[in-house]
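Letters A, B and C mark the chains in the order given here, with residues in each chain numbered from 1 onward.
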Amino acid sequence: MEGIIAIWQRDIIKFFRDRPRMVGSFSMPILFLVVFGIGMGGSMESLVSAGTNAQNFNYTEFIFPGIVSMTLLMTSIFSSLSIIQDRDFGYMREILVSPVSRVNIAIGKMLGSASVALLQGVMMFVLLPVLGIGIDLVSFFQVLPVMFLMACAFSSLGLLVASLLNSMQGFQLVVNIFVMPMIFLSGALFPLNNMPGWVNFLVTLNPVTYGVDLMKHIMIDVESLNAAVREEMGLNLTFFGQPVTITGELFFLLGFTAVLILLATLSFRRANS
Amino acid sequence: MIELVGLTKKFKHNEAVKNLNMFIEKGEIVGLLGPNGAGKSTAISMMASLSEPTGGDVRFNNNSILKNPAPLRKVVGMVPQEIALYDDLTAEENMQFFGRIYRLRGQVLKRKIDEVLEQIGLSERRKQVVRKFSGGMKRRLNIGVAMLHDPELLIMDEPAVGIDPQSRNYILETVKRLNEERQMTVLYTSHYMEEVEYLCDRIYIMDQGNLIASGTKEEIKQILSAEKTISIKTNRLNDRFLSLLEESPTINQVVAGEKEVTITVPKEINMFPKLINLAEKVELELRSVEVKTPTLEDVFLHLTGRALRD
Amino acid sequence: MIEINNLTKRYKSFQAVNNSSFNVEKGEIFGFLGPNGAGKSTTINILSTMLQPTSGTVTINGYDVIKQQNQVRESIGIIFQQNTLDEKLTAKENLMLHCKFYGVPRASRKHRIDEVLEIVDLQESINTLVEKFSGGMQRRLEIARGLLHYPKVLFLDEPTVGLDPQTRAHVWEYILKLKEKENITMFLTTHYLDEAEISDRIAIMDQGEIIAIDTPKRLKQKIGGDIIEITTSDNEAAMKEIENNFNVVALSLKDDVIYCKVKNSDAFVSEFIKTLKTPLTGLDIRKPTLNDVFLSFTGREIRD
């Protein structure tokens, strides 16, 4: 148990110490906020308003949860992949020869990455006043566990990939194959309506889709939106024809996270036995 | 060939090299020693025109390299302390890459690569990626890439660190051979005195930015002491032998052990005939006579002190 | 303290360790030497539970390295050849994490950290980031870290690589101090054979097999003798005399010095001085070094 805490703690200490990284990992989400929120916001809002006669629609409010999810995904995966660096620079050996079990090392690392991602994600909320978006305290505390669950899932995914990769060389590949498509095919940044069947299929299987949707339902007052806007913005998700409920999403996310943690732990143990 | 005149390098917080004077003649192997933080690496990088001094001059064949480093750069080869190779390239590809930097092309480059690979004993591994190499092989290749353009002056910064005795001997012998066969001039730094003792004609010792000793190996060793100690073992010790030793005017000090006696005499004196003589007088059998001269490491630690630097 | 029986490690294309057996006694400094690719690293990796042997058994501190990995890991400390500190953390943070990995009781952590830092003279740098440390300081910190959980056996894999003579001398002092004070068993590898002199016993491994194991002194005796450097007033006459009247292993003349290799210099010298007719002007005995021992057992040929 203490081993898990120690490995987790190492990531937390390093997170707060590494200011450049902290700032650096903000640059991408902010860029996306600017590009999508401001750049596309105007035209999206007028399009939606024209099509639905809705007046109270705020596009930035719509993509904010998506960009937070993106931050979670990126930070989790990159933090987990740092075990490859640990392996190259030697610190991994210090951990591996200690009595801490392989399973606890993997869990500690997963929790460390997830916590770092959560912290980074929460920091995004500082931008809310600047963006002119309000959020009440209840929604904030409701959205935290969802974010943490997502961070755990993504960190496990990162760990799984890291224990299969041999070097940082594969890093770019992982980002291109996993991270970017998972974000673009989740409805995080723009609604995914009227997509070709196979894209729709990928969207349906993408766990990020449900995490983002959950966050949107918590953070945006969906009920007050007019039905046409909801439809237009892709807030009425379906799972192979069945409408998706919040509870359903939560369970799907839980199950998905559990499976990933299990896979990551097993794969880490196998790679380092 | 190359001369440092009052060379100085000041950084914000410290003076790494202070008024350093040093020269290397063509065809010499010169050793540069010093504990951590002595300023060796700073001095070397100025000598190779990789960084600029804040004072003084580096003269190559009597011309300053500060205004015109080109003639020096053409003939200098640098073996850095860190291994500077591309892990994902093969030995041969690494050599091609570094060869092109020195503007070697086509057949000339190919011939040089073959030749150098042979010298560093890696001909058979030329197609293997460097990642798969052992530490010793990487070290050898690291030296090899600095030799492609037939440097007249090879600057080696701890080139044999952390490798097994076989590889280390091989590197030392290769350097010596290159020096003998092609008159290659070498500046060699190391923390291991045996290496320097084996290779170098002359030695400079630096500490805290200053030059604290220089000279041939023999001169440097004499710094420690003008005396040598001789330990004598006999079949048994008797008082008469000891008192004879003590009475002898040439012996400065006599320390008796159980079966062994250690005497200190001026360096230039040959005690041997006298010892035989004395032993015969008192009917003792000499079992062994060992002359202990100070090692380079003794001198080094004497000059630079035993205290930790950091 | 360490018992190794018929240890074998086979890879697909070659055999790294071949049916090796040896023991290391409690409180001993055990030098483990060998050229590149001899199987040293493989052996150390097996002993430190990082690698599974193909066959054979190893026990450390009475625990089996395969079946009782956790107990073995608690019993050993390792100073790796490669830096394994986290450079982005301070010295104290590195040590604190180690305490947690090894379950050092919370109450004694601070005391132990102070204690090990004192051994390696780093008390003043306790809150400094490791990346600000010099190579020598990092090495010392690693030694301190390896001692934190009071290991029974300390593995030192080339602990002085790349250090200056001052730091090297200090590292060996720490090691000897530990042996005396704590009676820790040390398993040591180094490529600098004069350093291996501090070992109580030395094993030389080559091509996966232990080819010699003994005290440094006896190993030196084994390789057959001392070199005696002789100068005389008439070297040629002396050479003839030696050839005819004495039993020497090898005899050569270089730069006016006669080099004479003999089995046992003590017996030879007393007889030699008495009977040689040519007047002697000098005689010096050079005993073999561990370097000579090593190269005589493993050959001078480079391995890769």
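We adopt the following convention: a contact is a pair of C-beta atoms (placed from the backbone, for glycine too) under 8 Å apart; a residue touches a chain by one contact, two chains touch by 3 or more.
If you want to know which protein each chain is, UniProt gives these names: A = Transport permease protein; B, C = ABC-2 type transport system ATP-binding protein.
What you are looking at is a predicted structure, and each value in this text was computed from that prediction instead of being measured.
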| item | value |
| --- | --- |
| Chain located farthest away, centre of subunit B as origin (C-alpha) | A |
| Central chain of the complex, centres being mean CA coordinates | C |
| Between subunit C and subunit A, distance of the C-alpha-averaged centres to the nearest whole Å | 51 |
| Centre-to-centre distance between subunit C and subunit B (centres being mean Cα positions), rounded to whole Å | 24 |
| Chain centre separation in whole Å, for subunit B relative to subunit A (CA means) | 57 |
| For subunit A, residues that touch 2 or more chains besides their own | none |
| Subunit A residues touching subunit C - in the complex, by the definition given at the top | 2-3, 5-6, 9-10, 13-14, 17-18, 89-91, 93-101, 273 |
| Touching residues on subunit C, where the partner in the complex is subunit A | 48-50, 52, 70, 73-74, 76, 78, 80, 82-89, 93, 97-98, 100-103, 145 |
| Residues of subunit C defined as touching subunit B within the complex | 34-37, 81, 121, 133-137, 158, 161-170, 191-194, 265-266, 269-270, 273-274, 279-285, 291, 294-295, 298-304 |
| Subunit B residues touching subunit C - in the complex, by the definition given at the top | 34-37, 121, 125, 133-137, 158, 161-170, 191-194, 233, 235, 270, 272-273, 276, 279, 285-291, 297, 300-301, 304-310 |
